[in-house]
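The structure that follows is given in the form of structure tokens.
Should a chain be cited, it is by its letter among A, B, C and D, assigned in written order, with residues numbered from 1 in that chain.
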């Protein structure tokens, strides 16, 4: 069988690098947050990962060019430190694939001498609220749990399992001496959620002590909100008595 | 691919050890029973097993620390004999994974010179009854079937297959000369069932000739029963004619 | 991973042996037919096959003894020729598993110098009819298609694919120079169908030129029919206008 | 496990060969188009591919001969150039299988010194329209995107992923220096769609600069249309008010 494979496009010059992971998942929260970071930090791509455990799809880019499903590694240097950002089209399609790919990513982490990982994602509530989305945290090391508390991040006792790369990179990483934090933004679960991505990024940048312009995320979040408002209104006009339930259904 | 792997945390001093397995399954009967045993015997953890066939989840412990899905081996010495207890978060996610993990556990069994295995679980009836749950038994050796009969355990002729570790450890174990017993407590199937776990433990401790305090299981079972009673009552008040059917549905 | 494995219990003395396969499938037709043959020919078991591609179940035999899911090879000598019969609890749980197990069986076929394979099964119609079930045939060699025609077996043009061991043993066997026939009895699809098994056996024994007592199959078929008659009657009494549809549903 | 395997039946004499792929998928568009091409070009089969990742079925040919699921390579020479056509019963049954089989096909592509691949398929709209089906294109190389534009093929910006061989051959091929085009015909998704196959073939032959008789495809398309017309009429007669919705459902 074809093996998972990381292709380096260039050798990044890194210093005290951390890894920030944001792959597709609940509400696309992690992916949106990490991609926003790539854009704002003008991060540069230096590696691509391919795997037979990714979906058997070709992705079509604007302009009609197709390519394999892949994950991508970017890097940027801020305040004398390096940030490596992992984004991508997809996660693995089976449990074994998830373990294999997390192991592969951790090989890159080791090769780049990365000591800290920040994984970003969403946790589904099934409800759409107009309040600021909450962000909960977890870590694979007590020292980082402490850090979360210092930054006011809620530690959810008795939280459900964290599925996919956001969970595995930290739990598998722990067995390889890599410490880190997982930040999960509250989200509906079905809607693409820029607001939750922003909430997660605000916590992340607060912890990292960097400033990121959130303008683009805010714009996209507002667009989604306007759509939801319009749908709510239309439904209310049609079936006033059912509104509450249906709104919680669509978002 | 990452392989399944057993990590020894310490070398347990064992004498004539038996293995008691209680992993998640129907009604969580086996897991509840085995975990109660770990607590009451103050058993000590000596090994952990990890596998890419476990779910691709990170589990979050109270306090916000996350870790890989795993199975755990504990041991305790009672009456000059050793008891090894296998508990855990999860079972394998595919048939091949189940075979692979059972084989891995049997390697530990061999290494620890364990000659007898007791696997614990539940069998679903789809009904909730207030009578004492029945416990049925099966074995991989005629001598142990005899033992079951001596202790009044019902042998179900024409019983369905026993799924997962409780069945595979004994059936695969048979081909490696390890004898043992499977004890299955009657359970609804959907509810977490402390009463059935207690019933299974009572049979197990009777066979092993040891005494275990059941207080904590009893407390938890009563709590569940109070909840079910309240739900039944509320439903009866609302739709008296449908009560029977719905109760069998929820519990 | 554990590999599929054939364990020989004894070395059978065979002469010009043929293989008859009857594993669980549609209506259990093949399994019932092959097991009836094992009984009537007083065939002797000489090998067992185990595989991690079988379901992760332990089967419980009458008397409470549990064992791994397995396939079994029996043999008997009739009229100076040998018949090897393959029966079992289960088929593989994935496409790759099916190919692997068929390849394993064909290794046994080669080792025993078997040149002809007869695979037995059912094809689902979704209807229950009281007429004698039809038997259709297919083969991996023109010479055997001819043989089917000579014995009045219907060749279904444009038939759907033949799923599992009955199809794979012949199609994979063809690439290894093993010729054979597949016989499929018409069956409802949900009901265990002794009548269809008998119809398939009648064609098989006609082709092989042997006589088999069908008494036991007939008895079991009658029992099923009595049950269906009773259910039809009860339904007719309750909802006369819906009878036709429901009968085709249950049987 | 059995490996995927390509069996060469003869050594084709090829010159500047291109590959045209049409395997089963949405609306059978690619398969119908490629098979029509095989017929009209009187292409000759020169290789077969087998794989444990194909469905575990035996296919029964008219006349009752069964065989393994397979893909087939044909070739023909037109205007001094060679066309290799890939058709078959099935695609892989898992993501890993899809990657493995695409890799295997690309080995054949390399061995035959093929530099260009044309993959054919359908994209589902869920609606049945009587207008000429649209054909959209994508490519793995800017030069070929340009070619598509020159031939008036629509490039869909923001198109969904292209699933299976049609997408993987080009995206995996790109990493091996093989350029090509994917042509997807608009189709309902459930119906076997000769009209869409014809539309795709018209674009393909225009690009290749060859002429193909479409008579047979047209006949088959008309037959399907007559059936749909009849069903629409019958439904309209029965439930005039529901017609629109149901028609879009069936076709």
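Basically, a contact is a pair of C-beta atoms (placed from the backbone, for glycine too) under 8 Å apart; a residue touches a chain by one contact, two chains touch by 3 or more.
It should be emphasised that the depicted structure is a prediction, and the values quoted were computed from it without experimental measurement.
J.: With centres defined by CA atoms only, which chain is the most remote from chain D?
T.: Centroid comparison gives B as the farthest chain from chain D.
J.: Could you put a whole-Å number on the gap between the CA centroids of chain A and chain C?
T.: Taking the average C-alpha coordinate of chain A and of chain C, the gap between them is 52 Å.
J.: Between chain C and chain D, what is the gap in Å from one C-alpha centre to the other?
T.: 37
J.: Spell out, as numbers or ranges, the residues of chain B touching 2 or more other chains.
T.: none
J.: Tell me the shape of the graph of touching chains, choosing from line, ring, star, complete and other.
T.: ring
J.: Pairwise, which chains touch?
T.: Contact pairs between chains: A-B, A-D, B-C, C-D.
J.: Show which residues of chain C lie in contact with chain B when the two form their complex.
T.: Interface residues on chain C, with respect to chain B: 1-2, 50, 52-60, 62-69, 93-94, 97.
J.: Using the touch rule from the top, collect the residues of chain D that touch chain A in their complex.
T.: By the definition above, chain D touches chain A via 92, 94-96, 98-100, 102-103, 137-142, 145, 148, 155-164, 166-168, 170-172, 174-175, 182.
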